[in-house]
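In what comes next, chain A is part of two complexes: it sits with chain B in the first one and with chain C in the second one.
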Partner chain A sequence: MSNKLEAERPLSPHLQIYRPMLTMMMSIAHRISGASLAVGFALLTWWLVAISMGPEAYACVAGFFGSLIGRALLFAFTWALIHHMLGGIRHLIWDTGAGLDRTSIEVFAWATIIGSIILTILIWVVDYTIMGAS
Partner chain B sequence: MVEFTLPKNSKVTKGKSWNPPAKDAEPDRWREYRLYRYDPDTGENPRVDTYWVDMNDCGPMVLDALIWIKNNIDATLTFRRSCREGVCGSCSMNVAGTNTLACTMHADDAKGAIAVYPLPHMPVVKDLVPDMTQFYAQHRAIEPWLKTDSPTPQKEWRQSREDREKLDGLYECILCACCSTACPSYWWNGDRYLGLAVLLQADRWIEDSHDERTGERLDDLEDPFRLYRCHTILNCTKACPKGLEPASAIASLKRKMVERV
Partner chain C sequence: MATPLKRARGLGAAHAGTETFWRQRVTAIANIPLVIFLILSILCHIGASYAEVKAYLAQPIVAVLMLALIISSAIHIRIGLKEIIDDYVHSEGCKIVAIIATTFFAGIVGIASTLAILKIAIGS
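Let's turn to the complex of A and B:
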């Protein structure tokens, strides 16, 4: 009798009703950026393979990465890489037991967002000005 | 298992409006509440009913509003409550999208209509009452009592001031389950992952200088699921109505696992 009742019991709503909060969004962002790194490294592999295949293959790949879409992809890849790296550092700090109080978790979340944006832009600025990318 | 949608028998339907206030009613006098309702006797799917609470006649907390609705509009509304001051942990539920105690949540801390659901991803017994059987069984599984090998002292088990202070932030837990049921890891793997409240309790006994079975307790937690399903999503710490940090307790347990190797 009681087993039958339990089987019929509805499951209360979860994802559908939980209010999105910055800390949980950062957890999801960490996973998404990690997964997209796999795509980014596939692009990197493509580039390396092209180098080994000679000037013609390389020119084709370089042409793609030089295009607007290619650059946008690389920019997104840079951001995912930096975001995931800062997220990783955050997790390392948490593993020591520090930074898990209510104030710190918000500060860490914002530091990851702002830090990743600033660092990504900085890398591209350095790339274009000092390294002379065009 | 990860399942983002609700099973067929759990899909929430639109319920009815019980007492919409008159068009010319005083502004701000009537506060809108949308309550999850489920009646096991009808076999119908759960629904969300809308009630309006007369704030001229009702206390300031969400629990006051629930009691007001039960007394004045719909006596069949079912929920758990006891102490009405945040020490018993009975009235834990999802209010305005986050798990909390209805008795310590001020209605003015939520904007607009206040949605109230049972604790997330739990079997519902009726309305706002979830079935806590599994949660209590998990608490039982960590053997939350003093375990010693030394003979019982004549007078008392002594504890230094410093050792006692190690229990601060752990002993205050009232086992309301707000943290455990806020955690997506617990939603997807609640059958094997112990969950925040239970792990915090495990840490409470492992930290206790009286307890002499620390190694055994850590052995029991050494499992890919029981302890290590925490992904630091931190819904737990955000939800805890007692201001505790369940994620810190888990970090502390993981650290002790490493330190003893």
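Let's turn to the complex of A and C:
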């Protein structure tokens, strides 16, 4: 119906036209981490359901999360959680109208990246130190 | 034209306003402490035995926090995924299928987790 109109109308430039910028990447990262956390949520469900089912089902889940892939997934899951949380706090600050100037958004972006990486590594190092590598 | 009453309600011609925006913010705020709780719960129970994990989750405070996390996250995930679909899936048919699938996903995962927690906390 509107094909002709769509073709003739001037179109606004799409993503690939713009030079990649940090803040834009952070916006995409927030969405990717969010969508990944939906998968993480399914893994959490699997863990909870297995515990409710009994020792055999739990042994299967515990075996998976104890494996190298499982541990890598857990590490990625905690990183996504922390990254999305810090990014979310950034959004909540912006919702008040504060921190929208050019310097602040750059600082927030770097704080989210560096903060999430440092916090994730830190909690895992602390965890392995306290709990041992079992 | 927006009458003062319309402006006060924040509703336009769609008769719907900023509920989704608010719901996403409220669940986001709730998720901050709940996610910290989840991370600590995960870290403290890596390699834990079945009895340990079950006893941990059966504690009333833990069960309540876990339920709160599940409900808040299910709502937050549903809104967030729909926002992504709204922006990137342009064909009307695919969009509807994707949004329904997202809704079912959040619903099923939320219900299954809730039932599991209740069973651990109350049952057997």
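One rule holds in what follows: the second predicted complex is superposed on the first by the 118 of 134 C-alpha atoms of A that agree within 3 Å, B and C clash if a C-alpha of one lies under 4 Å from a C-alpha of the other, contacts with A are read in each partner's own complex, and residues count from 1 in each chain.
In the analysis below, a residue touches a chain if its C-beta (ideal position, glycine included) is under 8 Å from a C-beta of that chain, and two chains touch if they have at least 3 such contacts.
None of the values given here were measured: they were computed from a predicted structure.
Asks: Does chain B (first) or chain C (second) touch A:Ile17, or do both, or does neither?
Replies: In the superposition, A:Ile17 contacts chain B only.
Asks: Have a look at where A:Ile121 lands relative to chain B and chain C in the superposition and call it first, second, both or neither.
Replies: neither
Asks: With the two structures laid over each other on chain A, which partner does A:Leu81 touch: chain B (first), chain C (second), both, or neither?
Replies: So A:Leu81 only meets chain C here.
Asks: On the superposed three-chain arrangement, identify whether chain B or chain C touches more chain A residues.
Replies: C
Asks: A:Ser27 in the overlay: touching chain B, chain C, both, or neither? Say first, second, both or neither.
Replies: Touch partner of A:Ser27: chain B, not chain C.
Asks: If you stack the two complexes on chain A, which partner ends up touching A:Leu92: first (chain B), second (chain C), both, or neither?
Replies: In the superposed model, A:Leu92 contacts chain C only, not chain B.
Asks: Does chain B (first) or chain C (second) touch A:Arg102, or do both, or does neither?
Replies: A:Arg102: touches chain B, not chain C.
Asks: Based on the superposed arrangement, let me know which partner A:Thr45 touches: chain B (first), chain C (second), both, or neither?
Replies: second
Asks: After the superposition on A, what does A:Leu73 contact: first (chain B), second (chain C), both or neither?
Replies: In the superposed model, A:Leu73 contacts neither chain B nor chain C.
Asks: Taking the two structures together, which residues of chain A meet both chain B and chain C?
Replies: 91, 95
Asks: Quick one: which bits of chain C touch chain A in the complex? Just the residue numbers, please.
Replies: Against chain A, chain C makes touches at 25, 28-29, 31-32, 35, 38-39, 42-44, 46-48, 50, 53-54, 57, 66, 73-74, 77, 80-81, 84, 105-106, 109, 112-113, 115-117, 119-120, 123.
Asks: Would you pull the chain B residues touching chain A in the complex into a rising list?
Replies: 4, 6-7, 9-10, 12, 36, 38, 40, 43, 45-46, 94, 96-98, 115, 117-125, 130-131, 182, 184, 187, 231-235, 237-238, 243, 245, 247-248, 251-252, 254-255
Asks: Flag every residue of chain A that touches chain C in the complex, lowest number first.
Replies: These residues of chain A touch chain C: 31, 34-35, 37-38, 41-42, 44-45, 48-49, 51-52, 54-55, 58-59, 62, 65-66, 74, 77-78, 81-82, 85, 88-89, 91-92, 95, 123-124, 127, 131, 134.
Asks: For the complex, give me every residue of chain A touching chain B.
Replies: Contact set of chain A toward chain B: 5-6, 8-19, 21, 23-24, 27, 91, 94-97, 100-102, 105.
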